[in-house]
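Both complexes below contain subunit A, partnered by subunit B and then by subunit C.
Presenting the complex of A and B:
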């Protein structure tokens, strides 16, 4: 099976065209197209487990640039007030209102589930690809009939394949790979809308192949470039509304 | 009454967000000299109203109605006293007004609130504003909110400072006597035996010593003095925190009181009047605490350390260093947490000569898409080798609903940290629902 996967990968690579652009250029263009100075988003997270049971969360996300993020759960009741903050891939904290304390998230816990979803803390922290590094050269290919660049990226030790739409430089899909090169998780970005010159996916769908579950993050509202200060990303603000 | 009517009408109209929790827990003692009985029972309902919450202002009002323990009736006359037949208490939880961004990054909170300091788990020697609540035997890190003013300022995301002022001292809440009887007073028999020994030491014949001691009027009294309400009795302190690379640091200083009392026994024997008075003077020691904590990670392992040095005003008390250091790690679906404590552990603190070196450990794993948590937690008294073990299974069939099955196993010889709980084996059943 693994041999078949390898052969398929080689054939795909041979049939694709190596791009004239470097991987870093594609990634930079993608960040330019999708990163606002700052943004405040309200979203509904819908988690469907392998048995079809559905749970919903409502959360508010405040982002600045491509690495500062503060997420606060508004619903359900048992998660209300829980917040998560990241200012770089190494610096992540979670606030638990029941304990009244902010805790640093250690490296081994970064892979843990974010609010019971299929997203890990690490994936949430890198939701804007702020810490992604390109490996090798991009390959021109097609994804679901859309011309795209395919990049091999490293997200702090996790190798992933990223498809970037060639025309508008929008992220289309990420496939996280396990050690054997198999797909562990697939993240699909869809329903792009442009506001203030910035493209945003209004639906992010994560398929967890290992668990057989799916998490959809659907935006409910978004405000861009509203003048959020760096100091907003503080312990004080994590407790706001907690 | 008008306030309640207003809140009720606003909630009914859906204008005031309200959240709450219903919970119930019982502990059944299966082995001990006093076994086959419920040793602990509590049912509580909490409501938290948030009449106003936006980016600039937040108001909160929370309270808990709690039935704890069993009917305390010991005479038929008391059957007309509803508070004895049904021991229910109303606790005021957080109730505050908080202003955000008075100037950018500055927040101010007035009212009943929780302020938590420290990086360690469960035990935080630097955390001296909010009152420890040991009333639930299974929860060792719960804190009651306190009346205080709090100022928080974060001019940069990597720099924060805070200052608090607490005018009213509220002591710790201990476990209910039906579960843990913190025996601090000697019995008349113990004092009479001590008197016999003293008389023999003075040269009396043992039989005569017994006769003399038997005629003594022995009185035992406990005298607790709470701190006053003068400016000098206020608790106040500040903290500065920052992070550099992967390190979170903070330094703190606080002037305040211990939450549990110190005891100084005074024994007066009047041989002419044949009277022996034992008075246990209890007081809350005033102290100045300097604290530091840090949290970081190394090779995926979370690490933290926290230290507090308490300088006591009372010259009879020696200054005290408390240190806790720990690590946690996640691997193959497991989570492990280990801590070493040189300091006061809640239950052991109730002993007359507290043991001060402990190892705290927890190992847990989640199953069934995180709907089931299996945890084994424990604490070991490193000096006398007494221990407590708390295995737990928690099931969350639907979001917000938790069902718990717990075990409690204690062992400890005389003089050890958990001696009063020696050979206690308990099963715990709990249910809670958050809405």
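Presenting the complex of A and C:
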């Protein structure tokens, strides 16, 4: 489930409406509508804590496939140049310019908060629902006046509800559920734009119910399917800033 | 007061109905009563460092931490470790819990060659013996965990549960207890930490109220029954005072005042003290009825004549309680206010409601005790001439005893350690002891540092302060962003020990903090705000004694001034400050409350009897009693706490009544010109009700000795002793002094 949250949505796709579709079919359509082979994005991450204090960070993210990600901080000044890279869920590296060194990070870092935001690194890195399974049949419903399918997704024991716009198969909202069925996190995808046939939300809003904080990721620019090579994801590029 | 007997005589039905109606109305508000054991609410917020706790609540997700103490000979076994894991999961699911920290979910940042490992301390529970041994060795070798989450000997572990600031503590503790119960640990599991202890105090207070009120009632039934040997003499004063308790506690509920540990003694006190007024009115009623007077005359004398000394007794008692209004402790001031209201209500009911009830009852003189005069009265009548004869010896002995008692009394010290509320060896006291001795203490100082926390200059001041803080006695573990940054620097530098230093540049700090966000931001969020403008240093303290707390607070404040100077804003707070503020509040205002009580009763008695001499005579027995009470406390090492702090002023207020009754009767007997006869008649007339009263009040208070809470126990027994002593002291000292003062005088000014 976690996987879908994030930037996930940046890359999903759309197609024709078919009635009486299975959940997996809806999910496949959504992937088609929003998936690109690679992308380079510049975005402003705005974190508002429960006391209303706001922090802004500007990031450049380069992604390829489901797992390859290189994130570089452009602002604020004291974080400029800090880079995180992953080539698989198990392989993560960090570059701190103040230290001038790249270090491999192992363990559970991918599960934790990304840069103090409400997104986890995993959520930032993953671009599709991967191994997610749909439980039951999609329910036809409305979300904020938009006709949608509501799916119950299982991602390794974590459940979530996903609303997919019926017309274009765009993800509208995800709710991560806790063990009691309560909403832990809500992710809203908005301001979709189509680039090279791929739909991408230019605003992702994550509401963390448990912490009372909100993280918004607003895109400044986005380039899709630009032919990024695997070799791009290297320690050298981390230092150079991609 | 002349109008009062007429009112009672004319409208007994209306009075009875009115009292019944008001009792129903105020009784309804009893359901609004809320028990509150919170130590931080006992003092004005500005004086107790509580505002710092509120900042911690708002900025760092909660300041209250409950602790689960797990004792097991085999802690590092799959069974216990997986039990802890399950329990942590269950505890984390409790909505009122913000964060659960235990061995198995602790995020660990460490260096392993060129790698930075960010993982749980126990990623998966080892299944082999060697795996478990190696985990045990690793945990016990690391000072970040040893003595914090696992005892030095590896036989006890803690689970720290941070509650949400808005959590309903009682409910949260209940849910934690349920989760612990369901975990079925092989070892012993108990709860500690301020929220758990406060919840236990609250439960024990409820249990006390349910247990002590019926006990006081039973005691009063016995005393009143034995003294009056009539059902009227037993039931009516009791009924009157029960109504007074309903009114008073109903008013507490109506005004939504919390029932604190101080307030919990109010109902038993009102029952014991308030019954005295009824006893005196009823005694006079019976005396006059036996004299064959008609109803109107009986009402006139019982209400009109006895009403005055009873009124005086009420006013002086109320003054004694009101003297506690000078106390800085909010809980004591609220108690004092409602005690004064309760005493006034008891008086009003005794002079209006009780005679009204008696008016409505058929005249049955045969049912009244016919012993005339009573055996005790005859005995007391014979005692008076002896007191007069040996008055010098009586007074000198009393003076010598006073001096000796005061010498011991100087040893009495205040103590507000709330663990001492519990009996030694009880579960809460035991758990607190384990946390104090093996885990660095459950009390925690909170130090808030404001400024650009990423600035290495501020961080190095924080580091120096932490180092200095370690030297303060009883300070054990210190947590702050400083140690986290140092260990991250070490982890980033191949785990080299020499790299365990603070980063040198602001950028380094900022970048490490960003990296740390991957290690579980909850921990980071408990030490620094997301905008890095406010940092929190916590320092555990392994001693509950308020004297030690006072010393530590003074030293910490000096270190703050020394290490941060005026340019960095630093605030000190936490529960230790609230406890110490309570200690200071008691230490500085207890003596004033006693002086205020003594002055008030001297002035009141002097005004009412029109004689300063009589005012001073009246205060002698209570002064003597006070000296003896404090002497006893000094001798037995009993400390003054938030409840016993009221002992002096209450003893003055109640004890003065006995002198007042003696003096009032002495004045009434002014037609008798021979001082011996006059005193004999005085002692014979009011001695028995004084003794009954002292016995009723004393035994009423003694019932508090059955409390589950040690401070209530001590208060009850001390004041019970003081009351009994006060009654006897009045009967011995007042006649002795009056005999000296009036030996050449033929009568007193009327």
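Assume the second predicted complex is superposed on the first by the 185 of 242 C-alpha atoms of A that agree within 3 Å, B and C clash if a C-alpha of one lies under 4 Å from a C-alpha of the other, contacts with A are read in each partner's own complex, and residues count from 1 in each chain.
Convention: a contact is a pair of C-beta atoms (placed from the backbone, for glycine too) under 8 Å apart; a residue touches a chain by one contact, two chains touch by 3 or more.
These numbers come from a predicted model, not from an experiment.
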Which of subunit B and subunit C A:99 touches, first, second, both or neither: both
Partner chain(s) touched by A:55 [first = subunit B, second = subunit C, both, neither]: both
First, second, both or neither for A:78, with subunit B first and subunit C second: both
Contacts of A:91 with subunit B and subunit C, given as first, second, both or neither: first
Touching partner for A:180 - first (subunit B), second (subunit C), both, neither: second
Contacts of A:114 with subunit B and subunit C, given as first, second, both or neither: second
Which of subunit B and subunit C A:234 touches, first, second, both or neither: first
Subunit B and subunit C contact sites that coincide on subunit A, given as residue numbers: 49, 55, 76, 78, 99, 101, 103-109, 112-113, 116
In the complex, subunit C residues that touch subunit A: 58-59, 93, 107, 112, 114-120, 123, 454, 492, 503, 505-508, 510-512, 514-515, 517-521, 529-531
Subunit C-facing residues of subunit A, complex: 47, 49, 51, 53, 55, 73, 76, 78-79, 82, 94, 96-99, 101, 103-109, 112-116, 121, 178-180
Interface residues, subunit B side, partner subunit A - complex: 19-20, 50, 53, 55, 58, 100, 104-105, 107, 114-116, 118-119, 130, 141, 143, 152-158, 160, 241, 243, 245-246, 248, 295-297, 299-304, 328-331, 335, 369-370, 399-400, 434-435
Partner subunit B, residues of subunit A touching it in the complex: 49-50, 55, 68, 76-78, 80, 87, 90-91, 99-101, 103-109, 111-113, 116, 211, 213, 229-237, 240-241
